[in-house]
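Each chain gets a letter, A, B, C, D and E, in the order it is written, and its residues are counted from 1.
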Amino acid sequence: MTNMLDQVFVLLKHRIVGLVPMPVQPILGAVLSVVAILAVFPGLFAISVLLERKGLGRMQNRIGPNRVGPLGVLQPVADGIKALIKEDLVPYSADHVVHFLAPVVLVVVVFMGYAVLPMGRNMTFVPMDAGLLFYFAMGASAELSIFMAGWSSRNKYSLLGAMRAVAQMISYEVPLLLSSVVIVMMTGSLSLDKIVEVQNQYTWGLPHWFVFTPMGFAAFVMFAIAATAETNRSPFDLPEGESELVAGYFTEYSGFKFAEFFLGEYVAMLSISGLGATLFLGGWSAPLEILNVVPSWFWFFAKIMVWICFYIWMRGTFPRLRQDQLMNFAWKFVLPMTLLNLLVAGLWRFMGEGWLRWVVCSAILLAAYVLGGRIGMRSKKFGPRSYRYAE
Amino acid sequence: MSESLLEAWNRPPTIEVDGEGELLEVAMGPHHPSTHGVFRMDVVLDGERVIKLKPVFGYLHRNHEQIGQTVGYLQMMPYTDRLDYFCSLTNNWAYALAVEKLVGQAVPERAEYIRVILAELTRIQNHASTIGFLTQEMGASGTPLMYAFREREKILDLFESLTGSRMMCNYMRFGGCRVDMTEAHLNAARKIVTGLPRFIDEFENLLTSNEILMARSQGMGVLKPDLAVNAGITGPMLRASGVNYDIRKVDHYGIYDRFSFRVPLGEHGDIYDRYMVRVLEMRESLKILEQALKDIPAGPFIDPKAKIRGFKPKPGEAYGRIEAPKGELGFYLISDGGTSPYRFRIRPPSFINLTVLEDMCIGQNVADVVVVFGSVDIVLGEVDR
Amino acid sequence: MVIFAILAPLTVAGGLAAVMLRNTVHCALAVAVAFAGLALLFLQLNAQFAGFAQILVYVGAVAILVVFAILLTRSSETPATGVFSKTWLTGLVIAAAVFAVLAWAVLGSRTALPHEQIEPQIAVAQIGYALMGRYVLPLEIVAVLLTASMIGAVIVAMYEKGGAK
Amino acid sequence: MLGEGLLKGLGETARNFAGSFVSKERLTTVQYPEEREPLPEASRAFPFLVYDGADWEAGLRCVACQICEKECPPKCIYIEKSKDKKPDYVGKPQIYPAKFDIDISVCMSCQICVEVCPFEAIKMDNQFELATDDRFGGLLYDRKELARSNEYYHKIHPTEAAEVDARLAEEKAKAEEKAKAVAAAAAAKAAPAMAAKPAEGAQPQ
Amino acid sequence: MSPLSCYLLVAALLFAVGLAGALTRRNAILVLIGIELMLNAANLNLIAFWRYGPHPEALTGLMFAVFSIAVAAAEAAVGLGLVISIYRHLRTVDLDEISRMKG
């Protein structure tokens, strides 16, 4: 029974595909998967927008949207309709073709990333051998569309925002890749399905997630930071820092094209959360052995949503960094830490089983983190201050 | 624009430009999300570095000084509300002080206490919202701002129940206040004062040790003490630069001598110091409030013999100044014996504190300009008058 | 073969556009299309790893570098003097000649070329083992080269503060 | 350690997030059009004219003395005096405003007209939802639109209105007493002359 | 025509296009783009030969292409760095104008 529930979507797909003649079957299968992805993730996008607005509201002691539908749950629908019926304005001097293509490319590329994410047991769209590489290739292509958007608008703010966004995404791509490489080293595979399989084991009912190893945890933290920057989320949301750049690269977009950017941004967020969950949090594997009765896809989506909630939480709390600080942080702190993490992962591999490697690896990483943070703060001359008073 | 201003704008930049040489001129404002209203900064950028900045204001000019010279003394009182619309009560006080000096009017004891209580409450709500706006400029999604507004709401509720209006209070009168602060009001104030320390703690938890805030604000927008003194900067800006100058202490106006409070001083004169000085000032204001609410005597809230309306002061001049939340707020009046002043001049802290904006911003990153601007704490109504 | 018939013209068209368009940024975007088309051709040739590497490196990095360079050198506006060099005719003739020779060679050796083979199934792990085994020396050399070129590029493009450095 | 302050901040927002579900203090929002916070008694919006009795035109306390017009800082009050007189609340014949217009769009709710009015005729309303789509005349209120009954005044500012009523009653009583005294004096004075000049004594002062 | 010769023809065409670009454009960046196209055409050749040649399991062509991609990335980085530095000196990237050896 639990197995049935677990595989319900797979079986459903097989059943539907079985209805058509043999030669059409692979095409129909692909179409079904694409349709499923195109249906589920925009739905999740709507949910996460609502969660974000409600959650931010609660964090700020507000209620958030509550007028459309019961408790405002239909707000994303209203927003969507509004975006659709809005006039589509294109600046006179804009490069119309590129201006039109930019959001399309973004959305397409972002959705491509989902092809390799294992969303449940046997629920990978294209179980690819080099899945991780594919994912990063798609992520890298998104930068181009952002540049296209910023450049084609012929607006200083747009261009500045796009340049910032692209520079930031390139810089954080490096730590993002390198922190994932740790996982590749530990599993010996670029295939995301394999990575989940390795993590889907239990000792005393506890899972073998990579986040529970020293370098896995460090990589997780670095990955989370880099993923936040990669998706231009607060506190790394300078490309759209409204206090300086109005709205960044999509300043000149309106109506449906703007909605596409918005969708692209959130879908990218969801997909990178999915990747993070797959790499470090065991993908679709249950957090406890006894919880395996719950379908695997539930765990995958639950992990994504937890990750999204964390994004929202951060957005509600932090101010944003400045461009040069962001770059410094990427190149001078995150990158060295990920490189060290690679070394530690190698060390882990060669130290053999036992508690010693836990202690050594954790100690190295912790010391490096504390030291690095201390040095970084000291060299930038910032830190807590004390104040004097005049009577 | 006069010739000399044009020359000033066309003078060569004060810092060396890199070999790049391609300068980008960006007009930030008047419709820009970060300019707190209608204000424009013409920024010349070398890459992302600011090499020139021209503040352009006057979009909200409403002729307050001329109005002051045509209407009677009392009629100017509601206009002072509209200068710095965040702290109308301190504006009222400064104006009342100037007129009281002009006509030689004494203020009853209880009225002085009421004034202190309201001024310090105003200071707290102003500082809290300023910090909120400052972090908003840094991109904090408005969370500190909403917390500040939550507390400000309580204070404004008190103002409304006392003066009838939340922001445009029009409360002070020459020789006292318009209505009495009843025991109910005092109790409400006491309740606010007991709740506020928790709020300031919350604020500090959220921000003070936040590494991002430190990275964004420490060492940014430094204002050297000598420049600050030369430019006539006052208020928390000046104290953040390390100059000990608080009109409550130096001018002994009102009854501030009776309260024990300290003046926090910054050392570096950067944005973080301005932030911290404001936080610490809020705590000091709470001390004053506690004392004032304990000691407030019974008595008349306005001198019954005071002339409110239609009086003609003897020819002469008077300058009343107070430590407004934003700095030294002064009203200068010359009377020629008529029903309205011959000359009416406002010394607005916002405007004068804004004069050093270019000096603080030059050499900074363009993203810091808005933060420096936010740390000055201005209200455009007062800048443009 | 159908896929090839779609991809090959796309790729060549991208390349042609990159060479012929007047607007520099359009050229950069067109070359990104050509790179992407090439990557798809690689996938078509069962070279999964090379195809993804192609996208990652060319679309994700080189194309972006190119547009950055275009913006930094302010060459996104079409110059008044024309976009083609004074010696464009010579260049075109040389290119045409090269193509003629290559095409002649390819078409001439048509019979000598090997025909349809079984599709090689290469796992990424195999590439990994090859990189760490037989090709470890080239790998190391490439690593050194990349490091050197990274440092070199940084030094070349670095701000020259206060005269020569 | 790097990140300590960030974690502290996260804790603070989490506390507020959780708090907003349990504590009223952490969720101060009021859903405005449906629920309204009661306005404080002192709350003021725009002025209105008070009238006594049932007939607004007859009962207007305003005597068109024009002090408020003179004192109004933005000069938003316009008054035209009447040519004839009619009795006021004391019964004394007074000029009344033939025209009394307030341009609410200019008014800045400063309450100075209320303060300066010696007749307690103009008071502050607390009605603030006055938006209209008529740019020119919609907010220019004339006498009729400005007139509100004393009962209404009692409803919105009970304490203040009670004080005012007491004061007015006192004044009225005083005035009546005075009138009586004057009448009595006149009567006393007139009494000896009554016989000689009956018509004169009948005329009031 | 065998698939291999199709690929080879496409590669030849791309190479020629790239060469034409490198030889005819004035803008140094576009010359670099042309060179990149040529390199890519070569990569296509390598992979096509690997796919249709004997012993694909030896991975020679594929490896060659992968290394070539890595080297090309380095080349692009250095090349663009040079272009930017030239621009900084001469304020132009027009190759017809950059004809002097002296900076």
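In this section, contacts are C-beta pairs under 8 Å (C-beta built on N, C-alpha and C of every residue); 3 or more make two chains touch, one makes a residue touch a chain.
A quick note: this is a predicted structure, and the numbers were derived from the prediction, not measured.
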item	value
Centrality ranking, top chain (CA atoms only)	A
Centroid comparison with chain C (C-alpha atoms), farthest chain	D
Greatest separation from chain A - chain, by CA centre	D
Interface with the most contact pairs, given as the two chains involved	C-E
Computed distance of Cα centres, chain C from chain A, in Å	29
Distance between the centres, which are taken as Cα means, of chain D and chain C, whole angstrom	82
Chain B and chain E: spacing of chain centres that average the CA atoms, whole Å	63
For chain A paired with chain D, centre-to-centre distance based on mean C-alpha positions, whole Å	62
Numbers and ranges of chain D residues touching at least 2 other chains	2-3, 6, 9, 12-13, 16, 26, 28
Per-residue multi-chain contacts in chain A, two or more chains	59-62, 316-318, 377
Residue numbers of chain C (touch at least two other chains)	49, 53, 61, 68, 74, 160
Chain C-facing residues of chain E, complex	1-10, 12-27, 29-30, 32-34, 36-37, 40, 43-44, 47-48, 50-54, 56-57, 59, 62-63, 65-67, 69-78, 80-85, 87-88, 93-96
Contact set on chain D toward chain A in their complex	1-3, 6, 9-10, 12-14, 16-17, 19-21, 26-29, 31
List of chain A residues in touch with chain C within their complex	95, 98, 128-130, 133-134, 136-141, 143-144, 147-148, 151, 159, 163, 166-167, 170, 173, 188-191
Residue ranges of chain B in contact with chain D within the complex	71-72, 74-79, 81-82, 143, 147, 150, 153, 157, 160-165, 168, 170, 178-179, 202, 205-214, 308-309
Residues of chain C that touch chain E when the two form their complex	1, 4, 8, 11-12, 15-16, 18-19, 24, 27-28, 31, 34-35, 38, 41-42, 45-47, 49-50, 53-54, 57-58, 61-62, 65-66, 68-70, 72-75, 79, 81-88, 90-92, 94-96, 98-99, 102-103, 106-107, 109-110, 113-117, 120, 122, 126-127, 130-131, 135, 138-139, 142, 145-146, 149-150, 152-154, 156-157, 160
